[in-house]
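Structure first, then comments.
Every chain is named by a letter (A, B, C and D) in the order it is written, and numbering of its residues begins at 1.
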Amino acid sequence: NNRARMLISCPDGPGIVAAVSHFLHQHGANIVQSDQYTMDPEGGMFFMRVEFDLEQLEDRVAGLKNDFKSIADKFEMQWNLYQLSKKKKLAIFVSKEDHCLVELLWQWQAGDLDAEISMVVSNHSDMKEYVESFGIPYYHIPVTPETKAEAEQKQLDIVNGKVDLIVLARYMQIVSPALIQPYRNRIINIHHSFLPAFVGGKPYAQAYDRGVKIIGATAHYVTEELDGGPIIEQDVQRVSHRDNVSELKRIGRTIERVVLARAVKWHIEDRILVHQNKTVVFN
Amino acid sequence: NNRARMLISCPDGPGIVAAVSHFLHQHGANIVQSDQYTMDPEGGMFFMRVEFDLEQLEDRVAGLKNDFKSIADKFEMQWNLYQLSKKKKLAIFVSKEDHCLVELLWQWQAGDLDAEISMVVSNHSDMKEYVESFGIPYYHIPVTPETKAEAEQKQLDIVNGKVDLIVLARYMQIVSPALIQPYRNRIINIHHSFLPAFVGGKPYAQAYDRGVKIIGATAHYVTEELDGGPIIEQDVQRVSHRDNVSELKRIGRTIERVVLARAVKWHIEDRILVHQNKTVVFN
Amino acid sequence: NNRARMLISCPDGPGIVAAVSHFLHQHGANIVQSDQYTMDPEGGMFFMRVEFDLEQLEDRVAGLKNDFKSIADKFEMQWNLYQLSKKKKLAIFVSKEDHCLVELLWQWQAGDLDAEISMVVSNHSDMKEYVESFGIPYYHIPVTPETKAEAEQKQLDIVNGKVDLIVLARYMQIVSPALIQPYRNRIINIHHSFLPAFVGGKPYAQAYDRGVKIIGATAHYVTEELDGGPIIEQDVQRVSHRDNVSELKRIGRTIERVVLARAVKWHIEDRILVHQNKTVVFN
Amino acid sequence: NNRARMLISCPDGPGIVAAVSHFLHQHGANIVQSDQYTMDPEGGMFFMRVEFDLEQLEDRVAGLKNDFKSIADKFEMQWNLYQLSKKKKLAIFVSKEDHCLVELLWQWQAGDLDAEISMVVSNHSDMKEYVESFGIPYYHIPVTPETKAEAEQKQLDIVNGKVDLIVLARYMQIVSPALIQPYRNRIINIHHSFLPAFVGGKPYAQAYDRGVKIIGATAHYVTEELDGGPIIEQDVQRVSHRDNVSELKRIGRTIERVVLARAVKWHIEDRILVHQNKTVVFN
């Protein structure tokens, strides 16, 4: 597999697209998709995602990266290059509700998530058997007020350096800053409301009390601020006065599943750039 | 026109539907539509909307209402009877943005809003000529910090007792409690966000800053709490990182127009019941 | 469990709601939900769904049905009474694509489908192990042009009289009229297009060729006319020129799953009435 | 105003993006937005839209176009360059229903359609006064079976060479091939159904008869095949068994208005490329 993707952010200025595309062309790469976005024509940020094929990529990737440095320096780029042959490794964190996990595993089995699911981590043992039937290791790390610090250290030991992305698939615990720090913009959470409405606990009960006519779910990167990180994707469904809290939960489960799976897929496919607590999604 | 509608709220209990439908049948009325909703089978509230035809309604309506009192008392009903021949009178309040007003007037002209538009009230004179070209009186009541109390008194004098419903069609002033009081659940506002997200001013700028992927608008009855009244209708539209604040406003204008017009139509058609800051909408 | 539901269709006329609700009240039943719809105020059809509680229902249901006959005769009603304690029995037919089956089993496990899944029938053996892991019998009945008649007879023998509803969860064979006949309005199919667009085979390829900007799925009752039966539910998703046929299929799988599950749930909850190739859905 | 846009289609191959962006950079242009799409990595078509600023554009545009020819020839490009200072001229064709015309005029007045509305052409005189109040010429050209050929000749004489885009805003006549020919991919029609469902006349009646649960509207370029041209945009709205044909029409009017206005806006902003009866829309 000779395909790779580059994600680039830098201050906008003339000649960036020309420089990047010329560079790739000179190195024999064939661009198969390219997306750009400039925040503001005058003085804003420039974002680019470019997908290309290059023969003998594995042998030439180090040289390519090295050669790109001069362009990157010139335009003050933050950039990454991802080879499609190196699948991203995922850890899925889950508590007792299984619907988001089931969806991710089903999409992964169906070949829709081009990643490796390295492990499932849970504060409960409920889904151990189910997860292991897929051949995926399951780490049961109970979390109590007393063992919280210890549990977080265990989590960190298990994932750190071993996975590329952590997915909180209705993991009902607050994640430690010690985990957020090394996984900045690499932890995706699904919040069961249309953020920023109904931050925090029991969002469906909050939605019911407020009498909203549409409910939603939000996938976002996790930051130190609860439910405050960059939003990746949201979706909604119409509800009515007839729907009580458990009906809202039932309807919401399908929204949550779909929204989380989309966000994970986009991350895996290197479609997301983050800038100042907001995302640029090339989809 | 011999058609009428009843809206009924009462504590739930056995025999309500039987009593109401039996009563109407006994009086020679033919039910053309009937909707019920019980909040909770055990011990909740019961809501009913029934639409019926009764020959010589005009002559018999007083007797019908009188006869219904014993049923209403028995079940502790709050109820209203509306004759379709008596069109509701509307006052539309507007500031400088015209899109919601234009939509309401267009739908009204197209015959989709079965009401009388009695007047337009504005703190600006911009739309005077346009409104008057429809033969609708236009009251220009400027509002400044100094003249606020006086202006509110003028508004009250103009509308009170003369209109049945006040529509705030992007009226960018806070409405006086003196107006809210007599028009409880009869003032509809359009808020240009998906409430309860982005309460207050500049919701599109707030939405842009938070980086949401979907924007919305909310029609609600006005209460003393800013943007906190019973929600009637909401709708949304997908946006992306490419949409800046003015693009969000442009997209939002269409959502606002549509959502407000739906809420007004439902109110006119007696489809909305309010209970504890939430609406039951039979649509 | 003392709850039951009645579904009623009859020519419209005065006094129907009064008669039914009075009858139930007289027999000590407490109506917990009631929906009516009249096709056309003058001379159309009347449809009603009423859900009620009646103490000692099991002992009294025969008497209740018997007593109701005089009302049913008077108004020329077609009607059914369903006890919630008697769960509907489902047969799910499936071929090689598993997403609709997986969704139904997941929702059933989550308690969202209040039915009994009696069996899965397939022309392939692929999902035998998976289905049996739920303790559900799996009948593998291969269908070839030569064995078609024999296979259909086997299917009929297996399901007839033993199940209440047949769900074609992406069963890629045309169902025999011998099966349709006894299961009139009791076979639900999911068609992977927004009917009536793209009837027949390969709807996603047809959609791609036509360049539509939105794709959909349709759940309908099966009749002798291919993809021509009464539509129960449809939903859609936006697509773009970037989506090739396999991408449309991937997006479509989620729509199919959701739409089929909704239709099955509504059927199980007795929310659907059929009249002249169209459905009335009280949801 | 020094801004321009290029739309490019050509067979895919290596180096196109590099060549175009390098060319623009060399000529001193600053790319403010660039979108590409390759139909299929191997052997498909390549599409590009690039928006750029170039100082003293008016003086340099002829030279720029001339210099670009060698690149265009090399890659076998079909291409156009549009200056934003030269607003597109529109003719709107309308019959008796006014909602699409009203929407376009309102959006145009609000500054959302960056074009010149040169004329309105109608087979009826109903909207003459309304249109002329905007200072827009109104041509009333009655069409009867006898005068059809003559009327079409008149239309052609009026528009040909004088407008860039013809918008059929619910113009209920079939457009002459003599008009389609010179305006290939420059006539936008709004069809009041979710094409390809319900081609031809009375689509809402067809939708009602089929019992669909969602209705829609489709904006497409007009070709010789009735309702068969390249689809630009579609949108939908949920309906229910309660909605009769006139209710479907009412709901549909809002979908039609919004969908047509979006398609016209995208055309004006040079966001649409057509290839083999399908559109690529960069929005």
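The rule is short, and it goes like this: contacts are C-beta pairs under 8 Å (C-beta built on N, C-alpha and C of every residue); 3 or more make two chains touch, one makes a residue touch a chain.
Just so it is clear, the structure is predicted and the values come from calculations on it, not from any experiment.
Of all residue numbers seen at the chain A-chain B contact, over half occur in both copies; the interface is built from largely matching residues.
Counted by C-beta pairs in contact, the busier of A-D and A-C is A-D. Per-chain CA centroids place chain A at a distance of 37 Å from chain C. Look at where the CA atoms of chain A average out and do the same for chain B: the two points lie 42 Å apart. Among the residues of chain D, those in touch with two or more other chains are 37. Partner chain B is touched in their complex by these residues of chain A: 37, 40, 194-198, 210-214, 216, 230-236, 240-242, 244, 277-281.
Interface residues of chain B facing chain D in the complex, by the touch rule stated above, are 99, 102, 106, 110, 112, 250, 253-254, 258. Listing the residues of chain C that touch chain B in their complex gives 14-15, 17-18, 21-22, 24-25, 30-38, 41, 53, 238.
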